[in-house]
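One chain, subunit A, appears in both complexes that follow, with subunit B as partner in the first and subunit C in the second.
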Partner chain A sequence: MATVSLKNINKTYANGHQAIENLNLDITDGEMLVLVGPSGCGKSTSLRMVAGLETISGGDLYIDDVRVNNLEPSERDIAMVFQNYALYPHMSVYQNMAYGLKNRKVPKDEIQKKVEKAAEILEITNLLHNKPGQLSGGQRQRVAMGRAIVRNPKVFLFDEPLSNLDAKLRVQMRIEIKRLQQEFATTAIYVTHDQVEAMTLADRLVVMNEGNVEQVGPPIELYEKPATQFVAGFLGSPAMNFLDASLNGNRLTLSPDVVLDLNDPNLPTGAHDLEVVLGIRPEHMEACDEAGADFTLSVDMIEPLGADTLLYGYFPGTDTLITSEQPGKQQFKRGHRLALRIDRERCHLFDKATGKRLGS
Partner chain B sequence: MVENRPWLTVTRHLVLILGVFVIGFPIWIALVASTNSSSEFVSGLMPLWFGDEGFGNFRRVLSNEERVLGVSVSASWMMWNSFIMAMVIAVGKIVISILSAYAIVYFRFPFRKTCFWLIFLTLMLPVEVRILPTYEVVASLGMLNSYAGLTIPLIASATATFLFRQFFMSVPSSLMEAARIDGAGPFKFFKDILLPLSVNNIAALFVILFIYGWNQYLWPLLITTDEDYYTIVMVIKRLMSAGEGNIPWNIIMTTTILAMLPPVIVVLGMQKLFVKGLIEQEK
Partner chain C sequence: MHDNAVFSHKVLPYFLIAPQLIITLVFFIWPAGQALYQSFLIEDAFGFSVEFVWFENFIYLLEDPEYWNSVRVTFVFSALVALVGMILALLLAAMADRVVKGAGAYKTLLIWPYAVAPVVAAVLWWLMFNPSMGVLPFWMDLFGYDWNHYVNSGEAMTVVVIASAWKQISYNFLFFLAGLQAIPRSLIEAAAIDGASPFKRFWQIVFPLLSPTAFFLLVVNIVYAFFETFGVIHATTLGGPGSSTKTLVYKVYEDGFVGLDLGGSAAQSVILMIIVITLTVVQFRYVEKKVQY
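Let's turn to the complex of A and B:
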């Protein structure tokens, strides 16, 4: 039961590299906040600053309205799950989970009760006397989770906890983590580079890039209304297509042959030859007959995924490779000419210079 | 290898047998000589088969009642001296080097790198090179003819520090971070996590360092004039230069066998841990 608040947090390394610039975040009680971004965006650094494993160069960090900048990690009442699990190899599962409690001078019988209960929740009771070396990746992950929940901390911190698991286990553990976090209603910060993990786990999502926050909000909002071109390109799989265009009022010119009339009252009025980028998701280009088509895609490469098929080709008259997602039941061949219509309601426009979203 | 060529097998075995012979024959000679009476050696030839003086030789050397060793102390006393020296050196080296490696790897302090390189540089200065200044220091501290003098100057070890440093650097930093979150301070982390993880390395080092300490010759020779502090290795050489005619080979070889025993026991006893420590990393 806790809130976490980051106020103007800065991180500058000794070599002068600024990893985080003025980070402001408020995490409400029981919320699962996911930090996502490419490697080097500062998401792990932010998490480690909350944990107390990195010093904070500037700004204030509050847990439950107490400033914790100068507290040791153990005094912040947090628990962290590491990417490589960081289990103590020479200790049994039981000892691993009990170690934090033991250091806090919790009585022995109470430790036993807590560890056994946590083990039961995670279904690892039969592993309590094994060493981590004898466990599979998924089991180790459970033990690492157990070590976190056994202390019943104010905040859970997850540092890419699923990256070392295989794809199937990852999906399973993802659901597990979500279930546990909701059950305990504990505030959690979760760092990942995997946007699917981010979308599925987050109550609120923070997309970071080069030490700055690009956008904060519920995952669906970020997916449907990305505030910047970076967010638009980062979220969604397959990734959004970007096409250079110029905007005159409501009229978008992609190429001499492809001109779209957008029906968006929020576009900047009086735009004249404004250089913009059109973002359109692969699933928002519909196959249609030649007459209603905006353009024809000459299919260069095909990736059948079963439910859907991904088609790659160059947008006519440019060297921009674009992706279209079509229902899987239809068979395609290389060289197929596919007439496509762009969904006007699902167009995202970004200012080419600033990368900021235009219109609604 | 899947090849099956008879002459290759024969050669292979010949080479191995030759190797065993080269190593084994001197030990055989020593063992046989230690069981013969001194009269067997008058001809100048080493006997090649056991005599019947085995018990007598060992008893005489271990008790030294008849002053067969040419000194006033017995072989058992000198073995005790050697044992103390080897143990203190081995344990001391391990304690000092594991602590300094811990400091160098896990703590950020000014001139950390410099400290490491200074320690590393001492690799270039083994005991033999710095023996005179070391003697001078030990003498002015009044540590001649003492266990402290025998052991302390040999305790500092760059090699062991370096080995522990390499091992600590291979321990994932997230273990230390997890321990910090679990409320373990620097000392607890060292005691609860790092030390148990280092057990194999410590065992391997102990074997090497025990033998190193046991086999010290030059240093004890230099700083002990009181026979009470003589080590077993020193006395072998003294027996050989006993002079006037007959060298007591049976006594020398008996002492040699005794001097070889403790290192052999240590190696055999810790073989498993020793091999583990040198080749295996705990995951």
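Let's turn to the complex of A and C:
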């Protein structure tokens, strides 16, 4: 049971590269916080600072209200699961799981009980005497999990633990990790670049970009109300469409022919020719008859996915490629002209200059 | 496919390996055969009479306390060269592994000694240790220690071990460094989180993972100490004082070329040949087996 809090955390590497700028996060007891963002945005750096594997250049890190900036990794009572699992290749699965307990001088019979219990939970009892080299990727992943849970630490730290698995196993282990974390009710920080993984695992999601936090909140909230254009584009698959537009009061002009009247009282009053970006998800543009349509998409490329079909084409009068998601049962051909209506309620507006969300 | 190619498939392979084969025959197999043949002969110093004596040379050797002394010297010497060379190299490699800035220059400097010919290395150390003009005895003298490896056999051994190991450190260093860099950092980090002290991390995680490298180097170093240190000994101690640094190889030279006991010297080479074959087989077996984690 633990809380973790990062206060004004900074990280500048020895080569002068500032990887993290003023990071503030509060992780509540038993919560699963997921850090997500593109490669190189500083997720691992943040996690490794919590683990004590990377020095903290500035700010304070608290675990359970104790400042741990200067504590060794082993003194912080955390457990970490690495992307490459980091199992000790010369030790058996049992020894791998027991190593942390042994170093903490836990009596032998107690170690055995704990390891066997953890092995049972993870269904790896029959592998206890194998070496990691003899295991499959999924089994290694389980052992790495076992090594983490056997110590019953205050905080679990995961650094892209599923990245080395194939797609099917990834989904399976994702569910497993969620189940274990809830069962043990252990505070956890989980790092990934995969937004689907992030959305499904997170109690709360942190979207990072270039060393800064873009937005923090429950996954659905971030999905429905992205605070910045970056978050909007990062979450959701297929990705959100962005169209340049200008805003006059409540009237949005996408092109001379496409003008939308938005009914949002929270838009900045008196906006006059304000340069904005309209964000609209592919699934929020409905096929309709010519009369009710906002515009017609000339279909350039088709990706049938089974349940849905993705249609790509240029927004009329622009060179912006957009995506539309339509139910899979309908057949489309290249060159098809699709009349589409933009769902007014699902429009996201961002200030073109700052990328910040406008309106509600 | 034509069957009237210039070389039929039977000839071409032999043609291609011929240069290697000829070198092996002329420089290895033929002298080895000569040595084997000569080890069965007793010849007087001027080559006037030759007698075929079967194993008499070998029996004589094994009954000679001088020979057993040389065996003992060789083992002590080899063990010391391997240990000193490997321990220092491992230390240096562990430090180089941590260096971020200027790692390249550091590594290059450490590799240089390997490019120095053994005799040159030996002369260098001979100068530094020279009791009458060397810089090291001069310093030791300041501390009241009277260094003279021409009379003190322990000191003589020290000189030859240092001069021999110094060169080998470069080689060991390269292998240890490569071995260390092949160990994923996350393993060490996992161990740190698991509460292992730096000392434990080294001995329980790093060292076991380096052990295949260490074993390989042990064999290579012993072979080196056995067979490639003639120059060092010849340039520094000449096997003395007494026979305190007279290794098996040095004794072959002395008995053969100085003492002109060609049969006895040949018998010694045959024994050395058997040792080197054994060591090579051990090494190949082990490398072939691959390391089971």
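We adopt the following convention: the second predicted complex is superposed on the first by the 360 of 360 C-alpha atoms of A that agree within 3 Å, B and C clash if a C-alpha of one lies under 4 Å from a C-alpha of the other, contacts with A are read in each partner's own complex, and residues count from 1 in each chain.
Basically, contacts are C-beta pairs under 8 Å (C-beta built on N, C-alpha and C of every residue); 3 or more make two chains touch, one makes a residue touch a chain.
Just so we're clear, the structure is a prediction, and the values are computed from it rather than from any experiment.
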Problem - Combined model on subunit A: subunit C and subunit B, fit or clash - result: clash
Problem - Touched partner set for A:G306, first subunit B, second subunit C, both or neither - result: neither
Exercise for the section: Figure out whether A:P265 sits in contact with subunit B (first) or subunit C (second), or with both, or with neither. Expected result: neither
Completion exercise
Shared subunit A footprint, subunit B vs subunit C, residue numbers 51-53, 72-74, 78-80, 82-84, 86-90, 99-100, 103-104, 133, 147
Exercise for the section: Please give the residue numbers of subunit C that touch subunit A in the complex, ascending. Expected result: 100, 184, 186-187, 189-196, 200, 205, 208-209, 292-293
Exercise for the section: Under the touch definition given earlier, write down the residues of subunit A that touch subunit C in their complex. Expected result: 14, 51-53, 72-74, 78-80, 82-84, 86-90, 99-100, 103-104, 131-133, 147
Handout entry: Residues of subunit A touching subunit B in the complex
Key = 51-53, 72-74, 78-80, 82-84, 86-90, 99-100, 103-104, 133, 147
Practice task
Could you pull out which subunit B residues touch subunit A in their complex?
Solution key: 172, 174-175, 177-184, 188, 192-193, 196-197, 282-283
